[in-house]
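Should a chain be cited, it is by its letter among A, B, C and D, assigned in written order, with residues numbered from 1 in that chain.
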Amino acid sequence: MDFDLVVKNGIIVTASEVLQPGLEIGIKDGKIICIGIALPTSSSTHIIDAEGAYITPGGVDSHVHLAQKNSPTGDGWETGSRSAIAGGTTTIIAFASQPKDATSLYPVLEDYDKKAKDQSYADYGYHFILTNPTKAILQDELPVMAAQHGITSVKLYMTYEAMRVDDRQVLDILFACRSLGMTTMIHAESHDMINLIIEGLERRKNVDPFFHAVARPRIAEDEASYRAISLAELADAPMLIVHMSSEVAVNHVREAQTRLLPIHAETCPHYLFLLSAEIKGKTHDHFSGAKHVCSPPLRHHPKDLEGLWQSIANGTFSTFSSDHAPSKYDHPGGKRLGLVDGIPRFTKIPNGLPGVETRVPLLFGQTPACQPPEKAKLTLPRFVQLTATNAAKLYGLDGRKGSIAPGYDADLIIWHPNDTGAVTISQDLMHHDIDYTPFEGVHVGNWPRYTVLRGQVVWDKSKGVVGDMKYGQYLKRGKGQVLTGRVGNLPRGMNEDERRYWL
Amino acid sequence: MDFDLVVKNGIIVTASEVLQPGLEIGIKDGKIICIGIALPTSSSTHIIDAEGAYITPGGVDSHVHLAQKNSPTGDGWETGSRSAIAGGTTTIIAFASQPKDATSLYPVLEDYDKKAKDQSYADYGYHFILTNPTKAILQDELPVMAAQHGITSVKLYMTYEAMRVDDRQVLDILFACRSLGMTTMIHAESHDMINLIIEGLERRKNVDPFFHAVARPRIAEDEASYRAISLAELADAPMLIVHMSSEVAVNHVREAQTRLLPIHAETCPHYLFLLSAEIKGKTHDHFSGAKHVCSPPLRHHPKDLEGLWQSIANGTFSTFSSDHAPSKYDHPGGKRLGLVDGIPRFTKIPNGLPGVETRVPLLFGQTPACQPPEKAKLTLPRFVQLTATNAAKLYGLDGRKGSIAPGYDADLIIWHPNDTGAVTISQDLMHHDIDYTPFEGVHVGNWPRYTVLRGQVVWDKSKGVVGDMKYGQYLKRGKGQVLTGRVGNLPRGMNEDERRYWL
Amino acid sequence: MDFDLVVKNGIIVTASEVLQPGLEIGIKDGKIICIGIALPTSSSTHIIDAEGAYITPGGVDSHVHLAQKNSPTGDGWETGSRSAIAGGTTTIIAFASQPKDATSLYPVLEDYDKKAKDQSYADYGYHFILTNPTKAILQDELPVMAAQHGITSVKLYMTYEAMRVDDRQVLDILFACRSLGMTTMIHAESHDMINLIIEGLERRKNVDPFFHAVARPRIAEDEASYRAISLAELADAPMLIVHMSSEVAVNHVREAQTRLLPIHAETCPHYLFLLSAEIKGKTHDHFSGAKHVCSPPLRHHPKDLEGLWQSIANGTFSTFSSDHAPSKYDHPGGKRLGLVDGIPRFTKIPNGLPGVETRVPLLFGQTPACQPPEKAKLTLPRFVQLTATNAAKLYGLDGRKGSIAPGYDADLIIWHPNDTGAVTISQDLMHHDIDYTPFEGVHVGNWPRYTVLRGQVVWDKSKGVVGDMKYGQYLKRGKGQVLTGRVGNLPRGMNEDERRYWL
Amino acid sequence: MDFDLVVKNGIIVTASEVLQPGLEIGIKDGKIICIGIALPTSSSTHIIDAEGAYITPGGVDSHVHLAQKNSPTGDGWETGSRSAIAGGTTTIIAFASQPKDATSLYPVLEDYDKKAKDQSYADYGYHFILTNPTKAILQDELPVMAAQHGITSVKLYMTYEAMRVDDRQVLDILFACRSLGMTTMIHAESHDMINLIIEGLERRKNVDPFFHAVARPRIAEDEASYRAISLAELADAPMLIVHMSSEVAVNHVREAQTRLLPIHAETCPHYLFLLSAEIKGKTHDHFSGAKHVCSPPLRHHPKDLEGLWQSIANGTFSTFSSDHAPSKYDHPGGKRLGLVDGIPRFTKIPNGLPGVETRVPLLFGQTPACQPPEKAKLTLPRFVQLTATNAAKLYGLDGRKGSIAPGYDADLIIWHPNDTGAVTISQDLMHHDIDYTPFEGVHVGNWPRYTVLRGQVVWDKSKGVVGDMKYGQYLKRGKGQVLTGRVGNLPRGMNEDERRYWL
């Protein structure tokens, strides 16, 4: 029991417990070896005194867009992963996106691997975005990707002309993933509803950034979510609906979960903290609303926020991810693409917000660690589930990432003790390569004092980023777990026989 | 007050009342002129003594396929309308179906008009089936069709390769119909779910007629119904979902009606009386299940019937139609198309059942007129609503068809008094040009003794069809009424402003 | 066909139809004999020309408190029934209320009969209020009351110390009524919740009239309604929940109706038109809020009104009654009882509002007769159902009251043609013996021009009340009809056997 | 780091994780000091080799009746706690039951303390059963009981004449508990429904044990549960509904949890494993059904079990308790009380079943530890939550009981490795003082090999009970946690102001 590092004097939080103050974490070779009282140390043991602060698992952000071609002014691996660790996130799962005309995933993976290699401060992996799910990809390539490359999840779009798959393709992918134990992520918005509204808006010359929020109403998300759930129910395959923003859509998920369908839901910081008023822009720069253009859009009413916070607390959401998908604002290839000859065209604004750095502190700020008990919106264990544990389990990193227990990677956030860590978010504190943060001015009650990745301090609030850009490792992931419901249900009203005939 | 015909000594039933026995109906020039006690008669007055029997409005069957090209062995106008009046139906609304390659509705109408003219025993009109809703059709032709030809409703398919429209087309049609006050009927089944299952069934060589019922599970109807309702909600346009067969789908309608969305639902006799066991066929003729192949298919469990009867009673269904869409069974161009080289291929079996003649008696048989009160599945006024009044109102025939009141066409069913009209349904009693009835052997407690169309007895049970094939008139219909909910709702969570931006 | 009266040139509305303009109603001996076109008249026929106006059935107000001992300053029969006919109501069902210490209903009936006899302008009947349902009353007296006196309904209170029955008594009454085919009305509020809140309010000296609305929150109605429905479900007996004011409670009813439970719901004008702001009183007379004290109380938010209007339109409510239960305001024995030594005590304010006169015009004002189509809150047939037909059927007056058809009593409201009947409600227009109307200043688009009771004009807007106080007849009622759902359901999850063991 | 005991080579399961095989648990002075890899041991360290088996927290059974006067033939502390540890339960929370005529809780506590002292193999505490909640008890005694005696929960009955409190008393207790942070447990069945049915059954001489299951239908539980939830909502106080057996009632809980009401639910082994067929008895001993008489009763249909298993899996249930409340069967003062002069009288049969010993193995048998993955009804972490963690947290034992982590009491179940622990439950294996087990013949895939209480092996399957009857300690409990929802909600439709007026 000879430790490289002992973290002492903290309050460890797991997905189910807030442990008693004063426990110590003994770390060796990047792993947690021991949790206990009065661990032995030697002269070679590095010691961090948490001074009574909370210690939570390093964040796992399972929805991050880095170095994607369709976002030329967004973050690459260096800046994106730097931003992550500065905000307490030690694991990133980004996307390797199949171009519509690509008929194999191998070159896609190669391309993304090249960009990430030796460029990440954080550990990382990929989900494939499937835009053209050929038979060969589904039958031949995905099994190899899962077994050899540890890529055990895919993402689909029900909207965006360049990316969308139709319902039949959704089904084909779900069936393929089911047999491989892979998880399917889905962006659920009704393409046809949105297009119709966009045409109406353009016809009426309603093209300011704000109209982006009008173009994608909640009903578009509600319908597509119900459809996605139904497709997953037919396939009896696990699914996660990404970045949910509408209460009715979330109710569909809740109802499915009650029936034990393996339907997971994700939401993002911007849907919990921001409203569409942000997209209206500032007086001096009317176009600045473009900064807040993302899909689904920010919603209009405080009641929308309430509904989502309720689902954070009652367990409907499994994960809370950043959907970090930024573009620079004041840059011709960035959000400014939405200004055509000086005239706004909301449809041309690149979608997405930066958020990988602010995600964890924003949610931590709503726990009893930072709020009087009656104002806290979620418990500390629920915070851990949402920011780390659940994503790790769902995406095949269980036993390695997402928890503080012997055997796990020593990925930790050590918070500031008491009230010493409060911060007002502002762009000059950020470490991304983007020229704004949508959470400018939001006060959070604490910020990671140290981020520890596999036993190394990679972020020290008093010094800044202290990690090495080459330190992040590629994560070959295992099969994911079903966190809600189970696989093995019959579609409603169908019996075993009826299904055996065709499946 | 000089009447051509007085019907006396009956019990008149309307959509809201069972009137006191003994009232008399005075008819002149095909219209009801008077309802009262002791009407004056003259020597020229023809008198029908109902002998204490119930008198209900002549049936309005708003879902009938006649003389469609895709059903070459089905009924044409002569035989179909003959079958209708023999079963108490005096008004038929059939379909004029746009071929996928047709870019104008005018030739379609002309074609159908030619086939119907002077060939109908019953009054009749058309719904257009839109398969290719071009801008010209929606903007230029539909207004003319409504105003000049009295065609004020359209039907769409979400499935069938040859007919289906996509969600955007559904929206375009809904918006066009909304501005014209037209009603949109929709066949709601998920095309992609069904196709996937069919491929699985074929791969496993499960191709007997029975597998038709496996290929189109309830979840396919549930999802498509929710989608259809959402599209109608966005468009704020009235819709009727045809031939509903699944309880979950009907619950979506109920929920929409609670919120005052103008969503109507229809079901058909076969979904209330028959189960998929019928499709298994007979020992001596395994293929005979083909007779019961229709879409959605007959469902598997008695509980399915219960759920639908519940919705008959609680008011969720607005109309009860035959979906008369037959093909001959023992005929090479009919159901036998599903035998390819002697091997069954359920996908090749023409869909649809005959039912225009049996529809009204089947439902009447479940009222207190034929059942002890505790067994009756619906009241007599509800029977009238479902078989006549609601379809008349919904499809623009209010004030003319569907009720027994002064000013209305004198379209009546005079039933047999007491228990004298019981019948066991069998093919040899039928008047269609089809070689079977799916309701063979079903006992009904009464049968129309007389069918009266605009004051003329056209069916006399003791003599048979006494009408004239040329007597049926084309009905130029007016705008339909919304029977449930209202037009004028905002889509969920959208406010007036948000909608004004694009609509 | 020799008529005493012919009403011509109107638009007759029934519970299911708006008939074509110009039909005539032939009346003889107080009954409608004939409806038709160009009825014959003789010199002795009185003719009323409706001048194109709507004609609807005389109102049936099934919830009226007259001459009750617990309301000494309320209306008696003369003034209450006068007020009724002036507002278009031709039938009143009032209450004969059993004192808690009475062990027989015979003296109760005698007492009420004495007060009503020869004192009513309108036809009338009674519901018994049961406060002490002894075995003898349930088993021996109710059958006689139904068979010989035509009293076929009872009312219960779940709250009010002096009136309430406990759950077991509710069940006993439901079972007794079930076997007699009687309908049970129930006032559903949680007594214990309300008492607890009242104690808290008094402890904090919150005793102004307004606190009445705080003392009886919606959750008290929601819980009691669910409980009442469950008791009725166990008993398999029809029930009507009176004066519903809360959307959640109404949702319980809707859900029960979906499952075909025979649960009916009633609401009242004040819950549709007024909010609790009224109870705050006026600056110059802070206590004037007492005028609006009723139970359940007026609710706080416009959203509450919306929910109830929705249930008016979607059919959940079967009846719309006045709950006319007034006390004089400026009178020591009236509302002023709530001022104790000049200090308000909301618990001492007699509950109830006057409304028998304004009920029908208030609702008519929301139909397409008075509103542009897109603003109308209900259809004309729905208006007829709610104000007349449904109450008549539910309470055993079918075939006699509540509709315009041959055989029915000639009870009619003839409205003013076009826009000529608009009125702003004010106390000086009222005919009750109360010193205020809660609807002061409310504009209604029309008012009954003539009220006709059994063929006699009893109200002529241009002349005032023209009827005779002795003209009203006592109505011996028959068994009521179940309007929604049916009797014959098994309580959820119980099978036939399980019930047979104990029932 | 000198351990008294090291448990090595096991798979530790917590409420959120299945940790990697081979971790070791270091224990000293009855506490877990350390969890880690390769812990140091000395010659004085006792070592248990788990041989690869699962290690779960010692069971916390929060619903156990011992030594209650109303069950004279039931278990006392010695036999009940012996039975507990033999089945892996190390903590018992039993009841101290207030007699209806007692006006103080002090003598109640004294009485129960006397019986338990030095008589328990397991650690233990009490809930008070309140039957007569006087003001003095609620205001003066409960605070003392919580602060000085660590009794921080109470239980109420909505039924049983001798125990029941009315709705107002429920409210009073909820408000009192709310201010003390105490949890209220409630037995929710409608007293009045049940009594009415019992009278009917007795009238028809249906008095066999089986009719107990008929007398307490699910609707009685559904109604009372909705009522209890509504009362808790008004009080904004945490509640746990005990021993839930009906799916509709559980749906009420689910809906409340969705809205963040702090409503917890408990179920018991017999509701998950047994049906009412058991109560029918055996051919040779018709009365033997009495063994299975408990309240709520076993339900009739396999579908009932399914609904409850679903709620086990989806998280609606917080706790899974035994409701160990036995009476001897073949004993004149036990179940035989239900035979009066040889004639069965189900109402006289003492309610309740033994189950403290079988509870934990029965549920463990349904996890992936004992079932193929597709048959497992719950995950291992969920098993831990239900049998230990949640009860510990809810009842104020967090940090001490219910989890395996440093700082907690070393209460462990060490299971048999692999398949070596399978057992068929039979009475001769039991350690209670009851003459039967209701689970006779049920096969379970594993049984605790060792039960460890505060570091001492108290049960060794190969040797039997090895603990000392005086070892069990009284647990002074702290405030409980809210596990689902939160305190701090406004009752539906009420705003802050409206509540402040009275609360």
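The rule we apply is simple: contacts are C-beta pairs under 8 Å (C-beta built on N, C-alpha and C of every residue); 3 or more make two chains touch, one makes a residue touch a chain.
This structure is a prediction, so every number in the text was calculated from the model and none was measured.
A.B. asks: Average the CA atoms of each chain to get its centre, and name the chain whose centre is farthest from that of subunit D.
C.D. replies: The most distant chain relative to subunit D turns out to be B.
A.B. asks: Distance between subunit B and subunit C based on Cα centroids, please, to the nearest Å.
C.D. replies: The mean C-alpha positions of subunit B and subunit C differ by 39 Å.
A.B. asks: Could you work out how far the Cα centre of subunit B sits from that of subunit D, in whole Å?
C.D. replies: Distance between chain centres, rounded to whole Å: 57 Å.
A.B. asks: How far is the middle of subunit A from the middle of subunit B, if each middle is the mean of its Cα atoms, in Å?
C.D. replies: Taking the mean C-alpha position of each chain, the two centres sit 50 Å apart.
A.B. asks: So which stretches of subunit A touch two or more other chains?
C.D. replies: Residues of subunit A touching two or more partner chains: there are none.
A.B. asks: Does the chain-touch network form a line, ring, star, complete graph or other?
C.D. replies: Its topology is that of a ring.
A.B. asks: How do the chains pair up in terms of touching? List each pair.
C.D. replies: Those chain pairs satisfying the definition are A-B, A-D, B-C, C-D.
A.B. asks: Which of the residues in subunit C end up touching subunit D in this complex?
C.D. replies: Residues in contact with subunit D: 166-168, 170-172, 175, 190-193, 195-198, 200-201, 204, 206, 211, 214-215, 217-219, 222-223, 226-227, 230-231, 233-234, 246, 248, 300-301, 304, 491-495, 498, 501-503.
A.B. asks: Going by the contact rule at the top, pick out the subunit D residues touching subunit A in the complex.
C.D. replies: So the residues of subunit D touching subunit A come out as 1, 14-17, 19-20, 23, 26, 33-40, 254, 257-260, 310, 313-316, 374, 381, 385, 389, 398-399, 403, 405-407, 484-488.
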